[in-house]
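Next up: some structures, all given as C-alpha cells.
What follows is chain A paired twice: with chain B in the first complex and chain C in the second.
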Partner chain A sequence: MVEDGLGMPWKYVFRRLGIALVQLAAISVGVFFLMRALPADPVGHLVGFNASPEAIAHTRHFLHLDRSQWDQLAIYLGLDTSSGPGLIQGNLGSSWTTGTTIAEEVRTYLPITLELITYSFFVAVLVAVPIGLAAALKPRGPLSRVVFVYSLFAGAQPEFWWGLTFIFLFYVKLHLAPAPLGILNPLAQAPRTVTGMVTIDSLIAGNMSTFFEAASHLMLPVLTLAFVLSGPIIKMVRQNVLKTLQSDYMMYARSLGLSQFRIATYTLKNSLAPCLTLIGILYGYMLGGAVLIEQVFSLGGLGQYAVRSVLTFDFPAIQGIVLVTTTGSLLILLSSDVVHALIDPRIAR
Partner chain B sequence: MRRVVPFLVLATLVAGACQSNSSTPSTTSITILTPSSVAALDTEAPGMLVLESMQAIVNLGEPLIDFAPAGTTSPDGVKQLDFNKFDGRLAESWSLDTSTKTWTMHLRHNVVSCVGNTFTADDVLYTFSRAKSITGSLGPLGWFFYNTAGVANFDNSVFPPTSQTTLGDEVTKVDDYTVKIKVATVRRLFLPAMTDFFTFIWDSKEMKAHATSSDPWTHDYTANVNAPGFGPYCLEKWTKGSDFIAHANPKYYRGKASIDKIDFRTVPEDANRVAALQSGAAQIVQALTPKEFDFLKKAGNGVKVNGIVGNQYLFFGMAWNIKPYDNPLVRQAFAEAIPYDQILSTSYYGTAHKWEGTVPSSYVGFHKTATQYSLDLTKAGQLLAQAGYPNGQGLDKFPNILQLAYVAEREGTLGPTATLIQASFKQLGINLQLNPLPQAQFADRVYAKHDVGLFLDDQDKPDLVTGEYALGPFMTTTGPGNYTKYSNPQMDALVAQIYAESDPVKQNDLLAQAQDMLMAAPNWIPIAEWETQWGVRSNISGITWHPEDQLRWYDLKVT
Partner chain C sequence: MLNQVSVPADAPEAEFALTGTQAVPATVAGRAMRLVRVLLKDPLLVCGVLIVAVSLLLVVLGPWMAPYDAQLPTRDVSQAPPALSDVPSLILQSLQGKLHHPVHWFGTDSTGLDVFSRVLVAPRVDVVVGLAATALSLFLGTLLGLFAGYFGTRSAESIIRISDVFQSFPIFILAMILVVLTGRNVIDIIVTLACLYTPIYLRLTCSQVVSQVGRTYVEAARAVGNREIVIALKHVLPNSLTPALIQASVTIGWAILFTAGLTFLGAGVRPPTPEWGGMIAASANYLVLGEWWPSVFPGIAISVTVFGYAIIGNVLEARFRQ
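Presenting the complex of A and B:
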C-alpha cells in the first residue's frame, strides 16, 4: 500500500480514478448513441414552422446530422477535427438552441446549482447530525419519536410541493420571504463573476448588500431542500448511532469506564461513515436532481438547463450535462471512498 | 467556534429576510415575467424561435416600416393595428416602380443606434447580405422572408449546389439614404415582410466590429452577447436562463420610451408568476393558461387581464393521403363531431371564438366561408355511413391512424380539448386514442416529416398578415407547412393565381374562393381562434398587438 504521511492510500485513489475515467468514456459514448436512438429528429424542432426541405437540409448539414453516426461520434470526440476541436481537445461543443458553447453554459448554470445544494447540505447536516445523535442517545424519548415522524413526513412529499407550500406560507401569507423570482432583485448590482456563485462573489467584492440580497432569495429554496434532505440523514444518523452504541466494542468501552465524551467520539467516528456515503450519493444526485426546486424558485440552475435541453433535443447540451454531472458524481463518490479508506484502511486493500 | 456557526447562519438568513421588502421597482421600471428565457438574439439561430427571444429582438431592433395604428382597441383592452396601412420607421417613405419591379426606400436621417452609430443605407445592404449568406444554424429565416416578399435572387439558388449567397444588384445603394430593392415578382407580401423581426435592420458597424475570420457574419456575438440595432431599447444585462434587462435608448429617433428600464425575467412556475403579479413584485405576466388568466381576472386586486384574438388558432389536422382520411366524407363527419362550444367554454374559458375560415379573422383576405360546421352527431353519423363506416364500424381497422397527437407541454389547454373530442367521437362509435407527444417530437413528426394521421395544433400561426401567406405555405402541394400532405391541383393553381394577382380586391375574391374550397372538404378543421393574453397591473396601459404576439415595450405606459 502506497501511503503518504497522512495515510492517504494513493494507489487506491489512482485505481479508482482510472475506473472513473473508463466509466466516463463509456457513459459519454453511451449517451451519444442513446440520444440518437430517440424516436425524433431534432431538426424539425430547430427549424420551426414552415421550413422548406432546403432549409431542413441546410440545418441538418450544419449540425453534421447528414453524416453517419460513427462520423458524428468522431467529430464529437475530436477524432475528426475538420470542423473544429472535440471532446479530447476539451471542447464540449455548442448548444443547438442558443449557439453558446456548452462549457460557457455549464459555467453559467452549474454554480447556481452548486450554491443551492451546498448550502442546503450544510444546513441539513448541521441540523440532522445533532438531532439524529440526540435521538439515538434516548431511543425511546420524545425527541426520538418526533424525529421518526419528521423523517417520514419530510420525505413523504416531493420537494416541489414543499417549495410551493413554503412560498405560499412565507411569501404570500407572512411576507417574510422575497418573491421567488431568481437569485437577485433586478435592481441589485450583480458582483463581478469569479466563481459564479453570487453569495461568494459578492463577499469577494465586499458587496454586502448584494450578499444579503442573494442570501434572502436563497433562504427559502435552501430551507426547502434542507428540510427534505435532512429527513433521510437524521434517520441514517439515528440508526447508525444506535447500532454503534449497541455494539460489543462500545459495551467494552463503557465497561472500561471511558468518559462519555470519548465514547461519543468513538460512536460518531464509527457511525458517520455510512452517513457520509448517503450524503455523497444525495449530493451527486442533486447536481441534476434539484431541478424542481430550481424551477419553483426560478433559479436557473443546471437542472433547469438539463430539462430545457432534453425538451428541445439539444444533443450537445445533453451530452455536456451528462458528462459534467457524471464527473461530479464520480468525484464525490471517489472522495467518499477515500474518506472511508482513511477511516477504515482495510477497504483500500 | 462550533457554537457560533449556527448563529451566523441564522443571522444571515434573518438578515436576508429583512431584505425581502426592498424589491419595489421605481415608477419607470417594470418587471415582466415569462416562463422561458431569452435563448439567442441572432435571427439566424434556433434560439430565435423561443418566444422570449422574439420579444427581446423586437425591442432591441427596428424595421424599415411597420403597421399603422388602427385607432381601435379589442374588448379586452389591447390596441390594434391596421394591416392595410403602413408607417415609416427606418424608411421614411417608399415607392414601387412596377415597370422595373423595383422598390425605392428613402431612409430616415439622424437615427442613432445604442452604441452611437448613425443609420445609413450600408446597414440595409448589410442586413440583406447577411440574410443571403445563409451562414446561421437556423434554416435561414432572413432569406425565407425576403424570398416570400419576392426579392430577386433570394431563391433556392442560395443552396447547394449553386450556392449563390453573395448579394448582387438586387439590393443597391443609391446614396447614403436611398436604397433600391428589385423583386422577382410584385407581391402584396413585400411590405408586411419588411415589418417582420427577421428583417429588422442590423447596425452594420457594430456587427462588423464583432466579426471574426471564422464568423464573418457575427453569429456568435448576436447569439450570446447583444443584438446591435436601432431599436427603442438597449441591452443592459443578459443572464441566460434568468433575466434580460434593457434600458430605454436615449437617442431613439421616435423619442425615448416612457419606461426607463425593463426587467424581462424568467419564472417557470405559473403559480409564482401569478403570485408575483398579485403582490406587485411584477407588473406584467405572460404565457399563463386560460384558466389562470380567468382566475386573475376574477381575483382583481389591482390586476387586469388584457387580451385580443389575434392570430392564435386551434385546428384539427388530418393526413390527406392516407385511409380513411383520404375520403372527404370522413373528414366532413369529423368536422360535424367536434364539440366547438364546449371547447370554447371548457378549454378557453370564453376567451376564444369559433374559427369561421381558414385564415385568421384579423388578417387581410379573411373570408367567412359558406360552409360552417357545428356539433351535429346525427349528420356526422350519416356522413360516416355514406363513407362506408356506419356507427364507426370498419374504422377499427386503423388503430394506429385513430390516434390524436398533441403537444404534451400544452396539456393544460389541449388535454381537455382532446378529451372532449374523444368523448364526442365515442358517441359515433369511433375509439379515438389520445397521443400527447413531447414538443420536440411533435415538431419533428408534424412540422418536419408530416407523418401524423390526426393532430391538434394550437401553436403554429402565419407571421405575415395576408391570406395568401396563411394559405400558400400550408395548403399547396409543395408548401413547407403542408402538414397534412394536402394535394389539390385546383388549390395549387388558385394559390399561384392569388400570389400573381396585383389587384388587392381581386386577390381577396380569389382568397375567398380558396377558403370556401378548403372548408367544404377540410384537411384542417378550424376549431377556435383564441386570445393572446397578458396579466397586467392596473397602472399599466398601452399594450398593442403585433402579429408575432410579443409585447413592444415602447408602447407601454405606467400611470
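Presenting the complex of A and C:
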C-alpha cells in the first residue's frame, strides 16, 4: 500500500475514485435511456393539447428528439458538438421548460438543500450519539429499552406529516414559528449570493437580522428531519458501542487496568467509525430524499426542483439532477470510507 | 445462525424429544409453534403483530367496515370530528341504531368525504403496495442472490458492484421518474419499488449463500449424488433465507412510507383514490386554517402502521443477531 507520512491510503482513494467515475458514466447513460424508454411524451407536454403538427415537428427537431437515440446520446455526452458542448465538455444542457442552464439552476437550488440537511444531521448526531452511548452502557436497563423503542419509532415515520403537524402546533396554535413559506420572508432583503446558503451568506454580509430570519424559518424543517434521522443513527451507535464493549480487545484493555476514560475513548473511536458510513449513506440519500420536507415548508431546494422537472417531463433537468446527486452521494460515501480507513486501516486493503 | 432461528435458547430440542407425549412434537410445525410462544412474551413484538394484523384485516374488510363510500362526497363539508366527551354516547346510540346516518368519527374533509371511511379503505392501496412490492423483490432478490452466491464468486463480486450503484442512486427521484413517466398506476408503483428493493435481498442472500457453500451438509448432499441446482434450491436456499425474511417486514414499512410520500408529492396514486399520503396532501392547505382532522388521522394511520412493521423486523433481527 502506498502511504504518505499521514497514513493517507492514496492507492485506495484512487481506486475508489476510478470505480466512482465508471459508476457515474453508467448512471448518466442509464438514466438517459431509461427516460426515453418509458411511455412519456415530453413534446406533447411542452407544446400543449391544441398545437399544430408543425409546432410539434419544430419542437421535436429543436430538442433533437427527431434524431435516433444514439445521436441524442452523442449530443448529450458531447461526442457530437455540432449543436453545442455536451457533458464531457462540462455542460449539463439547458432546461426544456425555463431555458436556463441546468448548472445555473442546480447552483441556485442545491445550496438550500445542503443547508437544510447539514443542519439536520448536525442536530441529529449531536442528540443521537450521547443517547445511543448511554443506552449501550446499560443494555439491560429500562433506559436502553426506551431508547430502542424510540429509535424504531423515529426511523419509521412519515416526515412530511410530522412537518405539517409541527406547523399546526408551532405556527397555527402557538405562534412560535414563522409561516412555512420558504427560507426568507418574501419581503425580506436577500443577502448577496456567495455560497447560496442564506444563513452563511447573511453572516458573510454581516446582516444579523436576515440570519435570524433564515434561522427561524429553518427551525421547524431541521427539527423534523433531525427527529426522523435520529432513529437510525441512535440504533447504529447503540449497536456498535455494544459490540465494541463485548469485544476481546476491550476485555484485554480492561484486564490491563486502563483508566475508565481511556476505555471510553477506545470505545467511542472504534464504534463511531461504522456509524460514519451510515451517516454518509443517509446524507447522500437526503440530497434527493429531503424533497418531502422541502415541499412541506416550500424551501425551494433541489428536491422540489426535481419534482417540478419530473412532473413537466424536463429530461435535461432530470438527467442533471440525477448526475449531481449521485456524484454528491458517491463523493460523500468515498470520503466517509476514507475517514473510516484512517481510523481503521484494515478497511483499505 | 439457523440453529438459533429454529430453536430458541430457552427451549432446547432435547427437552421436547424426551417428553414425547407433549402436544408439540419435534417437527417443523412444532418448532414454529414453540418459536411463536417464546416471541409472544415480548410485549413490543405483540404490539407489532397486532398492528400488522389490523392492517391486513383492513386490506380484506376495509370497504365493508367503512360507514360511508370512500369516494362519494357527503353533504357535510369540513365537519369536525365529535368531541371526545361525546364519543361514548355516540357509540352507544349507533349500536342501538338510533342515529339517522352514521357518525363522521374522524370528521369530513373540504369536499365532504368521510375521513374515517377513507382511512379504513386506504390500506387497499398502501399496504397492498407494500406487500406486493416486498414479495416481488424478495422473490427476485433471493433467487438472483442464490445463483450469484452459489455459482461462482466472480459473479457475486460484480453483482455487489451493481447494487452499489443502486445504493448511490437518488432513490426517491428515480422512483418519481419511473412512476410519473409510466403513468401513475398502482402496478407501476409496485414494480418500481420492487426494482428498488431487489438489490437489498440480493445482497443479503448472496452473502449468506457464500457462507453456506463450504459447509459439510452441502458436501454431503453432493456426495449422495444430488444435482447442483437441487442442492442450491433445496438445501442451501432454506438455510440462507432468514436475514431476507426478517428484512421483509422492514421493507413493507418502507414501501408504505414511500407510496404515501410519492402520492403526497403528486407523483403517486391519482386522486380521489383513498390513500393516506394523498389524503394528507389534499388537506395540507386547510391545516393552516385550523382544519386539522383530514390530515392528522391518515398521518397517525401511516405512523402506526409503519411502526408496526418496523417493530417486527427489528425485534426479530435483534433476537437472531445474538
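The working rule: the second predicted complex is superposed on the first by the 348 of 349 C-alpha atoms of A that agree within 3 Å, B and C clash if a C-alpha of one lies under 4 Å from a C-alpha of the other, contacts with A are read in each partner's own complex, and residues count from 1 in each chain.
Note that in this section a contact is a pair of C-beta atoms (placed from the backbone, for glycine too) under 8 Å apart; a residue touches a chain by one contact, two chains touch by 3 or more.
It should be emphasised that the depicted structure is a prediction, and the values quoted were computed from it without experimental measurement.
Asks: Applying the document's definition of touch, where does A:213 land relative to chain B and chain C: first, second, both, or neither?
Replies: Only chain B; A:213 stays clear of chain C.
Asks: Based on the superposed arrangement, let me know which partner A:52 touches: chain B (first), chain C (second), both, or neither?
Replies: first
Asks: Scan A:225 for contacts with chain B and chain C and give back first, second, both or neither.
Replies: neither
Asks: One more residue to check, A:182. First (chain B), second (chain C), both or neither?
Replies: first
Asks: Touching A:333 in the superposition: chain B (first), chain C (second), both, neither?
Replies: The second partner, chain C, only.
Asks: May I ask you to decide whether A:311 touches chain B, chain C, both, or neither, giving the answer as first, second, both or neither?
Replies: After superposition on chain A, A:311 lies in contact with both partners, chain B and chain C.
Asks: Which partner, chain B or chain C, is in contact with more residues of chain A?
Replies: The partner with more contacted residues on chain A is B.
Asks: Let me test your reading of the model: by the given contact rule, A:23 touches which partner, first (chain B), second (chain C), both or neither?
Replies: A:23 sits against chain C, while chain B stays out of touch.
Asks: With the two complexes superposed on chain A, say which partner A:73 touches: chain B (first), chain C (second), both, or neither.
Replies: neither
Asks: Quick check on my understanding: which residues of chain A belong to both its chain B contact set and its chain C contact set?
Replies: Common interface on chain A, chain B vs chain C: 39-40, 164, 167-168, 171-172, 179, 295-296, 311, 313.
Asks: List the residues on chain B that touch chain A in their complex, please.
Replies: Per the stated touch rule, the residues are 5-6, 9, 12-13, 15-23, 25, 29, 31, 33, 36-37, 39-40, 42, 45-47, 49-50, 134, 137-141, 144, 156, 159, 219-220, 223-224, 237, 239-243, 245, 261, 263, 265-269, 271-272, 275-276, 279, 281-282, 409, 438-441, 443-449, 460, 473-474, 479-481.
Asks: Can you list the chain A residues touching chain B in their complex?
Replies: Residues in contact with chain B: 39-59, 62-63, 95-100, 104-105, 108-109, 122-123, 126, 164, 167-168, 171-172, 175-183, 185-187, 190, 212-219, 223, 295-298, 300, 304-305, 308, 311-313.
Asks: In the complex formed with chain A, which residues of chain C make contact?
Replies: 44, 161, 164-165, 167-174, 176-178, 180-183, 253, 257, 260-261, 264-267, 277, 280, 284, 287-288, 290, 292, 295-296, 298-299, 302-303, 306-307, 309-311, 314, 318
Asks: Using the touch definition up top, name the residues of chain A that touch chain C in the complex.
Replies: 19, 23, 26-27, 31, 34-35, 38-40, 148-149, 152-153, 155-158, 160-162, 164-165, 167-168, 171-172, 179, 235, 281, 284-285, 287-289, 291-292, 295-296, 303, 306-307, 310-311, 313, 318, 321-322, 325-326, 329-330, 333
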